[in-house]
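Heads up, the next two complexes both have chain A, just with different partners, chain B and then chain C.
This part shows the complex of A and B:
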């Protein structure tokens, strides 16, 4: 495992993605320590263009957009990570169970997975968001995670059911390993790189999903996320007022985060997928 | 060498894969009785059900019908502890040494697991001594390879480590599923010799699964010829090879390439 990490560091794509992401996380963590004001405080007139004092101008309520952006990126990253963790965990459990046990249970779980795949998850996302009264950013993240696991489950199931018949699994069985131990030591290491890649992708799509539903006004309450900034810009007609600074920086931030995550994913794919590497 | 005590006995074993319209009967109503110290070869072409039969005996697959009796009693594999007990006595070597190893762990762990399976409390020194002994039995140096990863070894070395594993466990029954088909001709005869030596030391029963009639004749006491899930002929090796009764057996024997006569490849 150590050697693959070393190869990973040498991959320019992965390093580019990782550095961009780390730089953004660093900015998000450090900037609020210097500028301790409340992002929701109204300090200027509506839609003031960027100048030396307000780096990205102000929004319709006269709030500092740069500060809002920093908090927005933080929330979006949090939502993306939580959604990624939930989607990967559910996908992993379902994929491992159906792939390792096989038979009827496999058929059943595959059917459930396929049903979730054919239902457009964005529609479910909207319906659940509408029906829940109090939405925190955590709840939104969980909803996103719970609707986006099927692809991970499918891929994990496919890999597991081919690994299950390998001889080293049989050797482990006749060496007296228990089933949970076989899964942890004989199956998981082989699919770990894949699962990490799936997690990165799920995080990226989680950020996009959050932005999309926040854009529709169905995002979390009492917080600022990149999608919510864009929603405010839309509702209070920033494009009409010519206030590009109210929505373009947020859009670019979303693009940058997801792009850096996708770059990391591509870099990992090139390393862990020998077919592409050669 | 062959004793008179029946070690493991199968009665009307059947294994069916799939359900509904696409059933495949891999093993069809097979009965056998293997004795202590006997070397049995199960010969058949690919897809004749010999590996499935081996997995049934190992307890890795559950039989669809029929029973297997081990030392005169029906075997029980319901609980994990029962299975552990069973696998202390019944072990296997598989065909492909490259996929028999977990590539994320060092070689040492494979041997340590065997010592753990035996369930004896041993000191570190005693464990080390046993592993060294096992490695020297298969002509490998423990010091050189104990902290290597499997991909740093050759196929022959890997397969010999698998035999070292058997040496530590000294099971009563060894199922060798084409143990020599993936290694070169030179390692092949050493591996066979080691297995025969193990049998002499422990009075172990060995089941060879093979498609090679020549090899089967060379090593075994008893032959079982399988075709499409059924045992079509069984008996002492000499008798089956020199005086085959079933047309499939005759065909298998005539298909063995011979060095001193011209091959008919038409």
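This part shows the complex of A and C:
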């Protein structure tokens, strides 16, 4: 584990992604300590252009967009991470169970996975969000997580079932190890890199999902996320008002976060998967 | 029965089961709203309405449509029966317009926008990805990060930026809608030109994002294939490079077709939100309106339609895949 971390540090793609992400997380954590005002406080006129005082101008309610952006990035990152954790955990459990146990359970779980890969998660996301009355950002994150696990489940299952009949697993079985112990000590280490990569991708797609669902007006209540900023900009016709500062910074922030996550993923992929190195 | 026939029947069975589950979710999830959904919805939508007669009529319409007083199983049967007869209920927001009528007016726009955009983006992305993997060097160094960056921009974000730059600042394209409002839809050149002008920006924004994602996948597959033994063997045999490139392209293409099937749901979802940005008169824009008005029948009509469309697209791709995948053909030959 230590050595693979040392290789990772040498990958420029991974480091670029990780540094960008850390810089953003740092900004988001530190800035509110200096500027303690409430991001929802109205302090200016509607759509004031950026100047020395308001770094990114004001939105339709006359709120400081830079402060909103900072809080938006924070919520979006949180939602993405929670969704990533849930999606990866569910995918991992289902994938491991179906790949390791095999037989009927495998057939059943694979069928369920395949069915939920085909039904667009976007649709289920909308249906659940419409049906739930009070959505906090945590609830939104969990909903995104429980609708996006099938990819991970499929990948983990494929890996696990190819590992299942390897010699070291058979030896562990003969030695009388319990199933959970075999899975933890003989299977998991081999798929750990896949799981980490899946987690990074799930986090990125969680952030994108949150942005999409918030754009539709089904985002979390009582909070600011990047998608919600975009939704406000669209609902209150910021583009028509020429207020580029109301949506371009949020748009670029989403792209930056997901781009840095994708870069981390590609960097890891090239290290764990030497075959695709060009 | 031929292997291909068996393959189709098997696929059909699975897609039918998936369809049943999708319909079931579409039925069940909105009914999980706590309390009596009909009175909740009606009280919310009739806020500000004073005419108690209208309110009563609205209430009764939805009570019958939802069949809320009956057990869940019976409700589901009513729901399926209505579905089969093409009845998706009455819209709350545009009462008393039936949902099917609204959807029917929106479908041509959405299909006309998304089908060409996704196909063109997929094709261009694959060609670009293969070239990047084959040429390597500067070409790959530039294309790959750009594709990765474009792929991390959500569909609608690119749409909003393009709207701002090309429609607002440069005034090259119209701001919103599917055609100029003063025109009456007809089969004239003027109307056609207007439709094309309105189509361009949303089309381009979907194509660009699709290219990004597909190019990354294709590049990865091609590099994998380029490193495989058969390429080395062909090179040693002295086979021309262009020919080897064709082998590689064909081999890398197969997983990309499956990839298209798997990602089509996400693409459709993203493109639907693209429509909202341009107020394009398709399903996405209607869904946006429906969500803002809490128009449940219209929302669930939209989600059902999207689910069915994505399932159909997947089924079609699977059928084509079975037809071109040499492994399935090989199994067919063995059978005979």
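Everything below uses one rule, namely that the second predicted complex is superposed on the first by the 276 of 278 C-alpha atoms of A that agree within 3 Å, B and C clash if a C-alpha of one lies under 4 Å from a C-alpha of the other, contacts with A are read in each partner's own complex, and residues count from 1 in each chain.
We take it that a residue touches a chain if its C-beta (ideal position, glycine included) is under 8 Å from a C-beta of that chain, and two chains touch if they have at least 3 such contacts.
Remember, it's a predicted structure, so these values are computed and weren't measured experimentally.
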| item | value |
| --- | --- |
| Which superposed partner A:133 touches (first chain B, second chain C, both, neither) | second |
| Touching partner for A:185 - first (chain B), second (chain C), both, neither | first |
| Which of chain B and chain C A:26 touches, first, second, both or neither | neither |
| When both partners are placed on the shared chain, which of chain B and chain C touches more of chain A | C |
| Chain B versus chain C as contact partner of A:115, first or second or both or neither | second |
| Partner chain in contact with A:49 - chain B first, chain C second, else both or neither | neither |
| Chain B versus chain C as contact partner of A:173, first or second or both or neither | first |
| Chain B-touching residues of chain A, taken from the complex the two chains share | 1, 166-168, 170-178, 185-186, 189-190 |
| Residues of chain A that touch chain C when the two form their complex | 111, 114-115, 117-124, 126-128, 130-131, 133, 204, 208, 211-212, 215-218, 230, 233-234, 239-240, 242, 244, 247-248, 251, 254-255, 258-259, 261-263, 266, 275-278 |
| Residue numbers on chain B that touch chain A, as the complex places them | 58, 60, 80, 83-84, 87, 90-92, 94-96, 99-102, 104-105, 110, 113-114, 116-117 |
| Chain A partner contacts - residues on chain C that touch it in the complex | 14-15, 17-18, 21-22, 25-26, 29-34, 133, 136, 140, 148-149, 151-154, 156-157, 160-161, 163-164, 168, 175, 220, 223-224, 227, 262, 265-266, 268-270, 273, 276-277, 287-288, 291-292, 296, 299-300, 303, 306-307, 310-311, 314 |
